[in-house]
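The following pair of complexes shares a single chain, chain A, combined with chain B in the former and chain C in the latter.
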Partner chain A sequence: MHQFLRLSRVLARTLVHAVPTVIGIVILDFFLLRLAPGDAADVMAGESGAATEETMAALRSRFGLDLPVLDQLLAYLSNLAHFSLGYSPRYNMPVADLILQRLPSSLALMGIALGLALVIGVGLGVVMATQVGRWPDRVLSVLALLFYSVPSFWIGLMLIVLFSVHLGWLPSGGAGSIGTEATGLAALLDKARYMLLPALALSLFYVAIYARLTRAAMLEVRSQDFIRTARAKGLSPMAVTLRHALRNALLPVTTIAGVHLGGLMGGAVVVETVYSWPGLGRLAYEAVMSRDFTVLLGVLLLSSFLVILANILVDLLQAWLDPRIEAAP
Partner chain B sequence: MSRPHLTLVSDGLPLPVAHEAEPEAPAEIAATASPARPAPLSAWSNVHAADAIRASSAQAQLAPPDSRRALKAFVKNPTAMTGLVFLALVVAAALAAPILYPDDPLAMVARPLLWPGQDPDFPLGTDSLGRDVAAGLFHGARVSLMVGLAATAIGLLLGTSVGALAGYFGGRLDALLVRLIEIFQSIPSFILLIVLVAIAQPTIATITVAIGLVTWPTIARLARAEFRAIRAKEFVAAAKSLGYGHTRIILREILPNALPPLIVTASVMVAMAILNESALSFMGMGDPNVVSWGSMIGAGRELLRTAWFLTALPGLVIVFTVLALNLIGDGLNDALNPRLAAER
Partner chain C sequence: MAAVLDVRHLSIAFPRAVPVPDLSFTIDEGETLALVGESGSGKSLTALALMRLLPRNARLGPASRILFAGRNIAQLPEPEMRRLRGRDMAMIFQEPMTSLNPVMTVGRQVAEVLELHEGLSRRAARKRAAELLDLVRIPQAHRRLDAYPHEFSGGQRQRVMIAVAIAAHPRLLIADEPTTALDVTIQAQILELLDELRRELSMALLLITHDLGVVAQWADRVIALYAGRKVEEARPQLIFGTPAHPYTQGLLAASPRLRADYHYSDGPLIEIPGSIVSAAGEEGCPFAPRCPVARDACRAAMPPLLPQGDGHFVACPVTTLREAPHGHPVGL
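Showing the complex of A and B:
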């Protein structure tokens, strides 16, 4: 009960804290949208092929584009409050629907990439920390630095060259075989085959970060008293490493993993265009190419909200993992 | 790409920096672990109690800031030297580009799709339009380095100003600026970058400014933490009691002492800016009038199945350059941080 109360206090605090950030992002988004060349009337006139001055004016007044800036901002806010991000003439559907349609596959890709990065990165970090100063540590350190320096889109293309073109093991793009009747496990495996390369390309950068982070955190924890105690009471080195050192070293890693969602989103934009993965990033790319700023800024807004949400979840996770964290005023 | 950086959350905004003194933790830990330390933990002074005592004793023995010692450590560091040599090669290539390849690298000069080694005049081959790949790589170095350096300068200037004001004055201004930083850090920076470039039309100048605009929060957080920590020191109080103005204290007293971590981050920021620029131009959002490594990859992508060297070569060059900068960053960190750790 106490635990629950504490967590709900933490939740309330982080929610209150997030409100001004959300408002700030919405306002920024609104002004970026206004800065964008051409308004909705221009776009619609362009789509329909021709328009007179009168119809343009009629369109503008219909969309409220002739109102003062402040009124437009209020209208934008009220639209947002009704979960409306505007309408995309190009896709002929509301932007919010469009984004929600693409969101799951993006989240899946990012989730798998983050999972891969955590597992591989923490694993490498543990090896590096236990072998510190010896050759496995040195080799892996260089490797981590290399991963950290590789552009994800390029490694994505190289993976295609190796695994799709030369070895022919994995598909080079798309999100699933077209026209298969597979269900259950077979369908899942099919999906996984398409997801593996993009997830790997996206995760490599984070593998490097988590490996270095885990190594550093493990080395720091290693010198603390409770590790000495664990050793003194005769636990095996393996048990000390995994049960005592790693557990405590993981806290910083979980913290930063949540923060990486924003970066993953950006990375996903590029990786999704490489693999024609039908996600948010690909949508953003298509929106840029067709100058569809309503869609583009909708993606920006929604992905920012996702980052804020992830940060709130991380705060909660931390509070749950570490009972010492109290709800600060 | 928006690549979040190691330094993305480098200092938990709300926390005091005091806990970063770790005698047994080599510099690298201070660099990579400190970002990770969960903010509220720092309130628990007993967590690092044992270390803290040793840290304060080490602090007493350590000489005041000694840039010569840092320089010596930097020069002796094999990592840093490797990075410097690599970077020197890239800079040399950028400088030599107009001499070795005085013609427009976008001009068609030979039979298309020559493989590397096939024609001695074009050692790295030609692309689908018959443009010399080697010329593109040399000229691309100019663009990448220029964008990387200029964007970092913008981000550094903006971020340090905001961070210095927030950290030095504190209070309401601080609260406001921290909000601003938080807003910018919640927006996925690569997506913001795309939006900015799409709105402003892609040219080298707009791309550079846009990259600077999305990277300043990192520096601002760091600068703020530094200024907050240093503001409380005696020499700042002494400067105040001498009647120095705020501008002088910020620029001449605090800034020089806050510089080392900013320098370390700046080297990584150049690397990130280069990655961002290459990702943008890969996606076709680069300046169409200049040849860039990213745009070469984007063009080579169409021929990935038959002429993969068109994609591989520019990518290798990007990796080489970014790796050089990251190695230098690591070396700088090793050289500058022991002192920092002890100073705090």
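Showing the complex of A and C:
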């Protein structure tokens, strides 16, 4: 109960801070996107190969692109106030529907990638810290440096070359087998097969970060007095590491992981493109190329929500991990 | 009375220094032995060596024997040592503020020992933890089981540490400067509690301190340590009445608190000139470089520890010459 009250106070404070942040982000994004040359009408005209001044003007007036910039902003904000994300001229459907279509697969990819990165990274970090200076630590340190410095699209391509082309174990792209009527476990396994490579490509960079971070945090915690107390109790090294050291070492890792949850979107754009994964990242990329700013604004708005949500999660997680963190009264 | 701990020729070496070259002492059952000495005299290292919790780069000398309840634990394999730690011998540390895990409830930290050594279930351990916290006089103990260390004061945290240490009824409790970090008013309470528990649970208490006031009041026997060597050993009355070693004399002279009619502003504070660093690499008596009465012979070889009668041992031929002409080396 005590714990619950504490956590709900943290939650309330964070939510209040979120509202002005989101409004600020929308306005800033709106003006930033105007800096790009051209608009949706230009792209559509270019793609169709021939367009008269009249059809372009008609397109612009239909989507409100001919209005003054401030009027467009006000129109967008008024849409938002009515819980609408606007209409995409390119896809010819409401932006909200478009995003909702793509959101689940993107969230699944990001969630699994981050989860994978945390589990593997923290695990490796603990191993490195307990073996510090010995060969497992050194080998893993080199590996971590490698994963840290190699770009994710290259890792993605190499994984395809190895597992799809040479070994033929896993599919090289897409999000599921077409035409199969699998249900239940079989369907889940099919999804997992498609998920594995992109999730791995996306997570390896973060695995490296978390491994190094966990290692450093564990080494710092290890020299603290309460670890000596734990040893003086007669606890085994395993119990001292997992029960006493790890939980204290997780605090800096959760902070960074929260920051990453927002940044993961950026990495997802690349990996989703490499693996033709039908997610938000690719939608954003396509929206940029076609100057479909309503879609892009929608995606950006959503990712800012994601970042805020991630921050809330991190705040809650930290309040749960560390009883000394308390909401300001 | 039988000795619960019999330490012989303990030596602790680091790659570049030997802070404790050769130390022997015993603690009887139910006895309070005080180890005194200034910072760097090897008190805490000795305590850690007894628990076999020395830093990784420290080594016990091959001749070191630590007989605990008759068994030599100096070379005991780590898994067996773990069964002793926290159960037969326990330790409390100087810093109550940092010695408890900040993200674990106090109740869990006490219960952990009970689950490990007494084989209690989680529920039974929790119940017993509440009793232990009550025993060390944490008010409303059962309600504070789920509180975290930061919600306790320094004195209360040290009480929790004591509860952790005594949870499995150890035969030997090592208290490494248990009150140094605490308020003066709390110090007496903690020491009183330790003394009471020592009597109730009939454990031996190794009290490590640099506070001679603590020694005078609570110890049955005192060992003055200098640079890892025993320079004097006696009952507190003797040490305070007729300190024989120049180092002990210096320590006493440097303690203004021991004289009731004296205020430190009444005169200059007295110190022992020099520092303990000068003992490094010294062939003879480690105190010789700072000693007002040192002779050439003192610098040549470490003077043996000689009995002066009435359980009083001194390792100084200069100040004890008149009193004990027929002395002979002890031990060995």
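We take it that the second predicted complex is superposed on the first by the 284 of 329 C-alpha atoms of A that agree within 3 Å, B and C clash if a C-alpha of one lies under 4 Å from a C-alpha of the other, contacts with A are read in each partner's own complex, and residues count from 1 in each chain.
By our rule, contacts are C-beta pairs under 8 Å (C-beta built on N, C-alpha and C of every residue); 3 or more make two chains touch, one makes a residue touch a chain.
Treat the numbers as computed from the prediction; the structure is a model and nothing was measured.
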With both structures lined up on chain A, is it a clash or a fit for chain B and chain C?
fit
Rounded in steps of 10, the angle in degrees at the Cα centre of chain A between chain B and chain C is 70
Touch check for A:Phe83: first (chain B), second (chain C), both, or neither?
neither
If you stack the two complexes on chain A, which partner ends up touching A:Phe31: first (chain B), second (chain C), both, or neither?
neither
Touching partner for A:Phe226 - first (chain B), second (chain C), both, neither:
second
If we overlay the two complexes on their shared chain A, which of chain B and chain C does A:Val299 touch? Say first, second, both or neither.
first
Between chain B and chain C, whom does A:Trp169 touch in the aligned arrangement: first, second, both, or neither?
neither
Mind working out whether A:Asn248 is in touch with chain B, chain C, both or neither, as first, second, both or neither?
second
After the superposition on A, what does A:Pro20 contact: first (chain B), second (chain C), both or neither?
first
Name the contact category of A:Ser152: first (chain B only), second (chain C only), both, or neither.
first
When the two structures are laid over each other on chain A, which of chain B and chain C touches more residues of chain A?
B
Touch test for A:Gly234: chain B only (first), chain C only (second), both, or neither?
second
Quote the smallest CA-to-CA distance from chain B to chain C in the superposed model, rounded to whole Å.
6
Where on chain A do chain B and chain C both make contact?
224-225, 322, 324
Using the touch definition from the top, list the residues of chain A that touch chain B in their complex.
20-21, 24-25, 28, 32, 35-37, 145-146, 148-155, 157-158, 160-161, 165, 205, 209, 212-213, 215-217, 219-220, 223-225, 251-253, 255-256, 259-260, 262-263, 265-267, 269-270, 273-274, 284-285, 288-289, 291, 293, 296-297, 299-300, 303-304, 307-308, 311, 318, 322, 324-326, 328
If you look only at chain A, which of its residues touch chain C in the complex?
2, 224-226, 228-236, 243-244, 247-248, 321-324
In their complex, what parts of chain B are in touch with chain A?
1-4, 6, 8-9, 22, 24-26, 28-29, 31-33, 35-38, 40-41, 44, 50-51, 179-180, 182-183, 185-196, 198-199, 271, 275, 278-279, 282-285, 294, 297, 301, 304-305, 308, 311-312, 315, 318-319, 322-323, 326-327, 330
Mind listing the chain C positions that touch chain A in their complex?
51, 53, 82-87, 90-91, 93, 95, 98-104, 112-113, 116-117, 146, 148, 150, 161, 164
